[in-house]
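You will see subunit A twice below: alongside subunit B first, and alongside subunit C after that.
The block that comes next holds the complex of A and B.
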C-alpha cells in the first residue's frame, strides 16, 4: 500500500516537473498571463480590503452614535428644526434626554477646504466629560466660554497656526468672527475628527447666523435601548415633518455604503470580468498547433489522456495559484503600508482635508475562498477543458497522419 | 601553482550548478515557501498593528458618544460623502432639476439605501 502511494507521489512529482519545464519553455507567455492575472486579483483584493477595513472601523465606532437623530425636512431638503419641538418630545414616554445641536459646513475660500463645524453643549452629552481623552492638547471649552474652539489635526495644518492660537472665520454677512484654539483632537481620532471644529451652541449660531429658536438637529437618548424603534415611530407620528434616524439605521448605512454596486466597485468587477472573458475565450478557442503536436507526441510515447490532463491541471494550478498569492500579497501591502494610495484619488476625490488612513483589513478564510472561487477555479476550467478535448483526439490525426 | 578555472570559484556558477541539479518541483517548492513566509510575516505584523489600533478605540468611542458623531471623516468634498448616514439619498442630485452627481467620491460611496 505504502509502495503504491509512494509511486503515485513520484508520478505526480514527475508530472509537476514536466509542467514546470513546459511553463519555463514558454516563459514569456506564462509570465504575461501570470502578471495580468495577478493584477486583476490585486485590484479585486485591494477593493475588498479597503471597503472591509472602513466598514469594520465604522461598525466599531458607530455603536456610540446617538440612539435617535432628528432632522426637519422641507421640500425634500433638510432644514433647521425649531427648538420648540422639544416640548412635544417631552410628552413621549421613554425619552431620557434631548440635546439640540447646530452643525454644518464652512467652506474656506482661501484654502478651498470644507470644515465641519459643530456647536453643542458637550457636558449634556453622554461621555461628555471623557472627551478630553480624545484631545492631543488643550481642553474642551466650558459651557459658558465664548469664542473658543477645539479643532481637528487637518484644520490646524490648513490654517497654518504654527504656534498661534487664534483664527477667524467669516459669517454669512462677511463680517469676521474670531476664535481661540482651546484644544486639538488627537491624530488617533483623525478618521472621525480630522475636519471637525467643535464650539459652543451660541458660537455656532453666531457663525452661521442661525435665528434663535432654531437648531440643525436633535440627539435623542432613550431610557431603554430596546425601545428605540418604538420611540422612533412615536416621534414620527407626533412630528410628521421630521426625519427620524435611529442608531441601527446609521450603522446599517455603513454596512452597505461600500459595495460592489458602487460605481468604482462595478468598474473593478467589470475589469476583472472582461480580463477573464478574454482569457477564457483565448483558451476555449482551442490549443495552438504546437500544443496539439506536443500532446500527440506524448500520446505516441505512451502517455495516457489522464497524464496529459494532469500536466495541464498542474500548469493551471501553478499559474493561478502563484498569481493569486502574489496579487493578494501586493493588495495587502498596498492597503496597509501604502494606505491604498491607488484608490485615494477616487476615495477622497477633491477633498482638501484628507485623513491619514491607517487601515487594518481582516484576512478571513471566507474572503480568500471567495476570491479563489471567482478567479482560480474559472481559470482551471478554462484551461483543462480544451486540453481534455485535444487529448481525446487520436495521436495520428493530431500529427497529421 | 596553476590557477583553478574561474567556474570553480564563482559563487554564481556554483549556485547555478546546484539549481540545475535540483528538480524543478523542489525549486518551485522553495519559491512557494518564501512567498508563504512573507505572507506569514505580514500577517503577524498586521496583528500587532490591529492591537495598536485597538488601543485607540477608547478615544474614538469618547469622541463619538460625546459629540454624537454619525460618520467617518474620509471624503470631505461633498456633504453626502462626508455624512452619508444623515444625508438623504437625493442630496447628490439636488442642486437643480436634472442635475447629475459630479463629485469623484460619489463613484466610491454608494447612496445609502437604509433610509
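The block that comes next holds the complex of A and C.
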C-alpha cells in the first residue's frame, strides 16, 4: 500500500515536473497569459484592498462624530433647526450633552475648491469628543474667540498659507471675513478633516449669514452608548419634524458608499475577467498540430488521458497561482506605496481636495479566498474542461497511414 | 506465441456514412524473439495492424492476444497499462519532441510510471552509452543529426525494457546508411531476446537477413503470394 502511494506521489511529481518544463518550453505564451491574468487580478485585488482600507479608515475616524445628529427636515429637505429645541432635548433622559452646530459648504471660486465649514461650541462638547485629538498643531477656537479657525491639511495647501496665519473668506454679500489659523488637523484624520474648517458658532453664523436663533443641526452625546438607538427613538417621538442620525447609521452610510463604488468598479473589472476567461477557454479548446502530435506521442508512450489532463491542470494551477501571487502583491504595493493612485478618483469621490491618505490594506483570508474563487477557479475551469477534448486525441494519430 | 491474432478485423467509424474497413480476417502469430516485417503499400492497413498489436485500440472483431493478454473488449485504460509494460514504439520520423532534450525524450515513458528522477536518468544514461550518444544527453532533440535521432527513438522504445518493439516505417525518411544502421541495431535487439515487428515497404528492411518472416498486407488482408 505504501509502495503504491509512493509511486503515485512520484507520478504526480513527474507530471508536475513535465508541466513546468512544458510551461518553460512555451515561455513566451505562458508569460503573456500570466501577465494578462496578473493584471486582471491586480485590478480586482486593488479595488478590494482600497475599499477595505477606506472602510477601516472611515470607521477609525468616525469615532469623533457625535453619537446622534439632529437635523430639521421640511418638504424632504434639510433646513435650519431652531436653537429653542435644545431645551426640549436636554429634558430627554439619557442625553448627556446637546451641542448646537452650524455647518455648510464654502466654495472658493479662486481655487475652485469646496471647503466644509463647521461652527460649533467646542467647549460644550464632552471630554473625549472635542476633536482635540484630531489636531496636529494648535488648539480649537474658544467660544469667545472670534475670527479663529482650525483647518484641514488640504485647505492649508489650497490657501497657500506658507507661514501666514491669516486668510479671508467671502460672506454671501461678498464682504470679506478674516480668519486666523489657530490649528491644523492631523493627516491621520484626512479622510474626514482634509477639507474641514472648524470655527466658533458665531463665526460660522456670520460667514453663512444664518439668522440668530437657528443652527444647522445638533450634536447629541448620550450617557450610555448602548442606549443610542433607544434615545434616538425618544427624540424622533418628541420632535417628529427632525431627522435623527445615529453614529452607527453614518458608519453604515460610509460603508455603503465605498461598497457601492467598489461594487461598480468590480463589476467593470469582472467584465474584463470574463473576457480573459473566454479567451483562455478559446485558447485551451483549440489545439495546434504540434500539440496534437505531442499528445498522440505521449499516449502511444503509455500516458493515460488523465495524465495529460493532469499536465494541463498543473500548468493552469501554476499560471493562475503565480498570477494570483503577482497580482495581489502588486495590488498591495499599489495601495500602500502608491496610495492606490489608479482608483482614488473612483473610490474617494471627485473632490478637488482629495485627502492624501496613507492606506493600510487589511488582508483577510475570506477576501483572498473570494478573489481566488472569482479568478483562479474560472481560469482552471476554462482551461482544464476544454483540455478534456484535447486529451482524447487518439493515440494512433502518431502512427503513419 | 507472444503475439497471436485470429480473425482480426478493424472497422473505423462503424455504422456511419464514413465507415472504413481497414483490416479483414487477419491471422498472425509472432514467436518470442523473432523479427517480423509487415510489408505493403501505403493505406494497406499496416499501421492499423501495428496499432492493434501495440494495444492502442482493440480490434472490432476477432481475437488478439499480446503477451498472454486478450485485447478484445479491454477498456482503454487497461490497454494503456498493458502497452506501457509490453510495447516499445519506434515511429515514422521517430516522433521525437524537438523542444525537449534527448534525455527528457528518452525518459518520457517513465513519467506516468512514477519512476523517480534519479532512476530515470540512470536508465537513460545506460541506453545513451549503449547507443553512443551520451554526449548528446542535454541537447535539445531538434538540434541533433538524423542518425542520432534514430538512436534516441530506439533508446526511448527500450527505456522500460518492454519485450516487444514495434516500428512503424522507421526507415521511410532515412538514407541508405542510416537504414542499414537501424537494421543492425534491430538485429542486436533481436539477439538480446526482443520480439520485433516492423511495418515497412523498404526492401532494405524486408530483405534484411535478420527478418525471420515477411507478411504482405494488401487492402487490409494478408496476401499470400
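Here is the rule we use: the second predicted complex is superposed on the first by the 341 of 401 C-alpha atoms of A that agree within 3 Å, B and C clash if a C-alpha of one lies under 4 Å from a C-alpha of the other, contacts with A are read in each partner's own complex, and residues count from 1 in each chain.
Going forward, contacts are C-beta pairs under 8 Å (C-beta built on N, C-alpha and C of every residue); 3 or more make two chains touch, one makes a residue touch a chain.
Treat the numbers as computed from the prediction; the structure is a model and nothing was measured.
Contact with subunit B, but none with subunit C, is seen for A:114 once the two complexes are overlaid on the shared chain.
When the two complexes are overlaid on their common chain A, residue A:11 makes contact with subunit C while staying clear of subunit B.
Once the two complexes are laid over each other on the shared chain, residue contacts for A:301 go to subunit C alone; subunit B is not touched.
Contact with neither subunit B nor subunit C is seen for A:86 once the two complexes are overlaid on the shared chain. In the superposed model, A:293 lies in contact with subunit C only, and not with subunit B.
In the superposition on chain A, the chain among subunit B and subunit C reaching more residues of subunit A is B. Contacts of A:21 after superposition on the shared chain: both subunit B and subunit C are touched.
When the shared chain is aligned, subunit B comes close enough to touch A:69, but subunit C does not.
Overlap of the subunit B and subunit C interfaces on subunit A comprises residues 17, 21. Subunit A contributes residues 6-11, 14-15, 17-18, 21, 25, 293-294, 297-305, 307, 394-396, 398-401 to its touches with subunit C in the complex. Considering their complex, residues 42-43, 47-48, 50-51, 54, 56-57, 76-77, 80-81, 83-84, 89, 91-92, 95, 97, 99-100, 104, 108-117, 156, 160, 168-169, 172, 199 of subunit C touch subunit A.
For subunit B in complex with subunit A, the touching residues are 23-25, 27-28, 32, 35-36, 38-39, 42-43, 46, 49-50, 53, 56-70, 72-79, 81-88, 90, 94, 103-110, 112-115.
Within the complex, the subunit A residues that touch subunit B are 13, 16-17, 20-21, 24, 54, 57-58, 60-66, 69, 71, 73, 76-78, 99, 101, 105, 113-114, 116, 118, 120, 122, 125-128, 130-131, 133-134, 152, 185-186, 188-196, 198, 217, 219, 243, 245, 249-250, 252-254, 256-259, 261-265, 267, 318, 322, 325-326, 329, 332-333, 336, 343, 345-355, 357-358, 360-361, 363.
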